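In what follows, subunit A forms one complex with subunit B and a second complex with subunit C.
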Partner chain A sequence: MAPKKDPKAPAKKAEPAPAPAPAPEPAPAPAAPAVDLSAVKVEFSADQIEDYREAFGLFDRVGDNKVAYNQIADIMRALGQNPTNKEVNKLLGNPSADDMANKRVEFEAFLPMLQTIINSPNKAGFEDYVEGLRVFDKEGNGTVMGAELRIVLSTLGEKMTEAEIDALMAGQEDENGCVNYEAFVKHIMSV
Partner chain B sequence: MTDADKFLYGDRSAINNPLAQADWSSKKLVWVPSEKLGFEAGSVKEEHGDECVVELTDSGKKVKVNKDDIQKMNPPKFNKVEDMAELTCLNEASVLHNLKDRYYSGLIYTYSGLFCVVVNPYKYLPIYTEDIVNMYKGKKRHEMPPHIYAITDTAYRSMMQDREDQSILCTGESGAGKTENTKKVIQYLAHVASSFKSKKDQVMFPLHQGELEKQLLQANPILEAFGNAKTVKNDNSSRFGKFIRINFDVNGYIVGANIETYLLEKSRAIRQAKDERSFHVFYYMLSGAGDKLRSELCLEDYSKYRFLSNGNVTIPGQQDKDMFTETMDAFEIMSIPEEERIGLLKVVSAVLQLGNMTFKKERHSDQASMPDDTAAQKVCHLLGINVTDFTRAILSPRIKVGRDYVQKAQTQEQAEFAVEALAKASYERMFRWLVLRINKALDKTKRQGASFIGILDIAGFEIFELNSFEQLCINYTNEKLQQLFNHTMFILEQEEYQREGIEWSFIDFGLDLQPCIDLIEKPAGPPGILALLDEECWFPKATDKTFVEKVVQEQGTHPKFQKPKKLKDDADFCIIHYAGKVDYKADEWLMKNMDPLNECVATLLNQSTDKFTADLWRDMDRIVGLDKVAGMSDSMHGAFKTRKGMFRTVGQLYKEQLSNLMATLRNTNPNFVRCIIPNHEKKAGKLEPHLVLDQLRCNGVLEGIRICRQGFPNRIVFQEFRQRYEILTPNAIPKGFMDGKQACVLMIKALELDPNLYRIGQSKVFFRAGVLAHLEEERDMKITDVIISFQSWCRGYVARKAFAKRQQQLTAMKVIQRNCAAYLKLRNWQWWRLFTKVKPLLQVTRQEEEMLAKEEELVKVKERQQQAEEQLKEYEAKQQQLSAEKLALQEQLQAETELCAEAEEMRVRLATRKQELEDILHDLESRLEEEEERVTQLRPKIFVPVHPIVVEILLHFRPKC
Partner chain C sequence: MDCHNQEECSRPQEEEDIMDIPLDDPEANRAAAKIQAGFRGHMTRKKMKPEDKAEGEERQEDRGQ
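Presenting the complex of A and B:
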């Protein structure tokens, strides 16, 4: 039997909504926020907001209709955005690790954050990533060693955890342990 | 990886370690000077004007450093780089760090542009085996890891290719490994240049090819026995410089060799510092000589010799006794005969005995006397001279005053001095004779040498607290060698720039050294130090002090000359050498320059009954009489001038020798090897940073780098440049093929570099120092940016996948929930309960239907069965019919066969019958013959008789019918 309701694919782009939902006063982050979220104009349609709320709800593990700081980034990602951790931390006012785990945000405060991220999308594209990974292509044959890729992703930039990388790399390596990075990037960007 | 590989290639896997790379770019790592470690790594935290706050990486301490003291660190790409000229940040700290890093990984050879730098490992490394020699044979320098073999092979190949003489110059402090590396060069050449040998050659030259190489290798142990000694720094320190010239013929075979030696430290034969030894041969002889030899040489116990200041000092891991045998074996291989060997050892023993001659001051006069002449007798016995003459020559020699000879009694000091001078001179002459003898042995073949490789093994700059005449000589030598290097580098750079078609303005730094060289060697206008010293030697009443005054007067304003700061210095003057300021003390310089000797004794020796001794003292013209030296004698006024020009001073001789050497070297293509001593404890795996830094400064490695920096030291071939830095100029190069140079031009244009920072040649891009580091930094930042952005996509991907999964789980949960809820609702509804009860019964009604369907199916199956059976029957019938037919045919065949048999029988019968009939025919014919015969017998009565034979014949030919 089919599920009762098909969840709509998360919106990838912000469309100017004809009837903007009333923007509730965002709960100011305790630490002085680096971004003035109150000035952000939320421009989502009612439908979108409904979808977002549902997704948001999925992350609430306590039941207080809030999510932890450290879940914010993942919700945004679930909703089709690709923020860096730094961007999200900035939105949250660069909280401490403790705050990340313990402080919580309600849905109304989340919306302007999401809007901010949507307003400043990641500028790099497919070509940039392929070129970036080509640097590690020692043979010049369009592949990199999976092990190398793991090291790169876990040691450079915003280091990824082993669990994240395992989820990411599942089924990407060929029998020689190599990854065709062009296909890889395409795959990553298609979901 | 084999054992040897470890010491050749090392582990450079870290260079691509992104972690290190990230560290370098994010932390702004730099080097700051450190008292203990030379330099310490740190990261710049804050900058205030000229001051920086640097956090030290190891200790985490924060220190304030002046900006000028900070040296940039190279990107990790350059860790343990094989050629330091590639370093983009060329500074002392980076060079030291690289050498240290490599040394700790067991890599002792490193290139620095033209130099090969080698750090003494103080242990045996498995990198000198025959396999390794073969590995390096014929390879280009950049194809193999740094090694002395690579340098040697390069020299050998270019000698063969360009027909140009080569030289390999090893310099460095004592104990740095010059001699060891020189030996490796010879080993390599002996191996490579004789492995070409062909059978033909051996026939043409009865001297076995291998023998010359063997002798060449054996020259070293002999030279070492007589010219090396244990010092504090080095257990096997060469106490002389040498230039070994190996001659090759047009085919590249070794045809001979020649050794020239420089500046033997002969004073070691009479005096040694604490914990040091005299020349090895003394100990070898005393430990190794057999009883017969001992008495022949009048040997005594170690403790009996005054000239062995420290008695029997042994060298760990070396048996002097065995070494004696080895040295004698080497003589054997060198084909130096027994009597010459004994002659040498007699001189060695005599030198020791000379030390045991003691003099006393006579009670009433200043005259010296010799109460005990045992030692003198032994000396005279060993050298084949008359003891009375000898004693007289020492105690009251005949000297020339004006035109007359007079006997001049000597004081105790004078006599002692004379004996010491005699000992030194004997040893030196013996050493020189030995070298000549070796050269004679090594020059046996008649073949013409076409070209040669010269190997120079000479001490580097020596800078002690106070330095004497010997240091002046060695520093003067190094000044000239450095000039040669600078000049070579200048020429090579010029060639590279020209080859690449680059405009350049390179300064010949060789000229930098000329003033200092002039200061030492210029003969006149104003005279240099050596000339002044000679002049002073001619001068009666001259002393070391007057010499210094003269130098100050003539050269006081020379830019490379400094007067000492009177108050605290003991030095007499300073020279600003290339390697730094050196303080010289002029004590005894006149004496050292004249190197005077008792002429009477020399004459005695010249006329010795011992052939060997007489041979040693054959030439007498360069001897400066003892009496000629100021201070030694008070009655020599005016006598000296007549002799001027007849002998030459030590300085003069050395200057001449050196200028010959330089002339030789200038006509060769030089290869430079810089040896470095890592610590003064002879310990493996320890590198004293300041000690090494001092040497790097002295031996020109750092200076070479400084000069390099004036040009465009970083060169990178187009292909690599594009591969590595294309990421910095994303859209500069259009898709598709593009020529390397063109691509690089576009890239550099896109990078907007100052035109002064780069040049584009024919195959490479040239950069000023540091530009590549900057590009590297930008590249890192760019990569990090891309990676971060990509990581955010990756995280998005992972999060979305996780989210989709969670949504599916949610949906599934909802389905379950709905069903549960429905069940709960219906559970107590009567109709539902009824339905659930009835539902199983509903199955019964359907059974019949199912049976029906089954039966139908059965019918169908039966029908098919029927059909199959019928078909089967049909086929069987057909088969029967066919087999009947087959039977019939077989019967027919049988009948035919029988018929055939009958016919055959008939035929046989007929044949028999025919035979019978033929037989009958024969009978009848023979009867007919008989009848005819009878007829003929009857006929003669009627006809002319016919001879019966004719009839027979006729009958015979009658046709048979």
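Presenting the complex of A and C:
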């Protein structure tokens, strides 16, 4: 009993449509439309491009002059940027987990992505980080409980893993388990 | 926790703080994401530093295979 197929009906391919009006819930945000990278004007000097090419090359483990989608965020970080994972996903056209692991980007395609991140407004500075952490300064004494900070980092925003948090907080808590957040932020911004 | 009477027990400060975490607040989540982005940037750069040469060498070895 062969299922009745209608050969005349054209199979409509479902395109990854950009989400309509964003829902007000804080749950993983619906995918925003991908950025139009061809419209981005790349404004790097020749020297900068060489630096970027070198960093890019360090991440190419295959030797095809490309890097995997899941390496893009790290290359940008290596180059001094602090993109959120959401920003990077948007640049990559909201890839699936499979895409992230298997799709690759060549250097020329990477440049407008980097330019977009560099151009993005609202980049956080020292004060932004300090203010963000000050929210958890219950006693208003310049410190936050390391334990509380760990919980915030692992439950809010773009959750961090325990390993990431351990690496981040290594040596930052005093004998009472408190973190002086201004010093912490200075330390973070020094690299 | 060794609580002698109910009133004093209302002071498990860390537990209160935990309950205070605004899991559903978009503002708080946005702020957290920014902080986390900064932290991740820092950690990647820190990892790259001594690894710079090692990465280069490793890469050459990989290519040699």
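Here is the rule we go by: the second predicted complex is superposed on the first by the 154 of 191 C-alpha atoms of A that agree within 3 Å, B and C clash if a C-alpha of one lies under 4 Å from a C-alpha of the other, contacts with A are read in each partner's own complex, and residues count from 1 in each chain.
Just so it is clear, a residue touches a chain if its C-beta (ideal position, glycine included) is under 8 Å from a C-beta of that chain, and two chains touch if they have at least 3 such contacts.
Everything numeric in this text was worked out from a predicted model, so none of it was measured.
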item: First, second, both or neither for A:80, with subunit B first and subunit C second; value: both
item: Touched partner set for A:63, first subunit B, second subunit C, both or neither; value: second
item: Touched partner set for A:157, first subunit B, second subunit C, both or neither; value: both
item: Touching partner for A:142 - first (subunit B), second (subunit C), both, neither; value: neither
item: Common interface positions of subunit A, toward subunit B and toward subunit C; value: 58, 73-74, 77-78, 80-86, 124, 128-129, 132-133, 135, 151-153, 155-158, 160, 164, 167-168, 188-189, 191
item: In the complex with subunit B, residue positions of subunit A that touch it; value: 1, 3-5, 7, 10, 55, 58, 73-74, 77-78, 80-86, 122-124, 127-129, 131-135, 140, 151-153, 155-158, 160, 164, 167-168, 185, 188-189, 191
item: Touch list for subunit C against partner subunit A, complex; value: 13-14, 17-18, 21-26, 28-46, 48-49, 52, 55-56, 59, 62-63
item: In the complex, subunit B residues that touch subunit A; value: 18-19, 22, 723, 726-727, 730, 783-803, 806-807, 810-812, 814-815, 818
item: Subunit C-facing residues of subunit A, complex; value: 26, 57-58, 60-61, 63, 73-74, 77-78, 80-86, 124, 128-129, 132-133, 135-136, 138, 145, 147-148, 151-153, 155-160, 164, 167-168, 188-189, 191
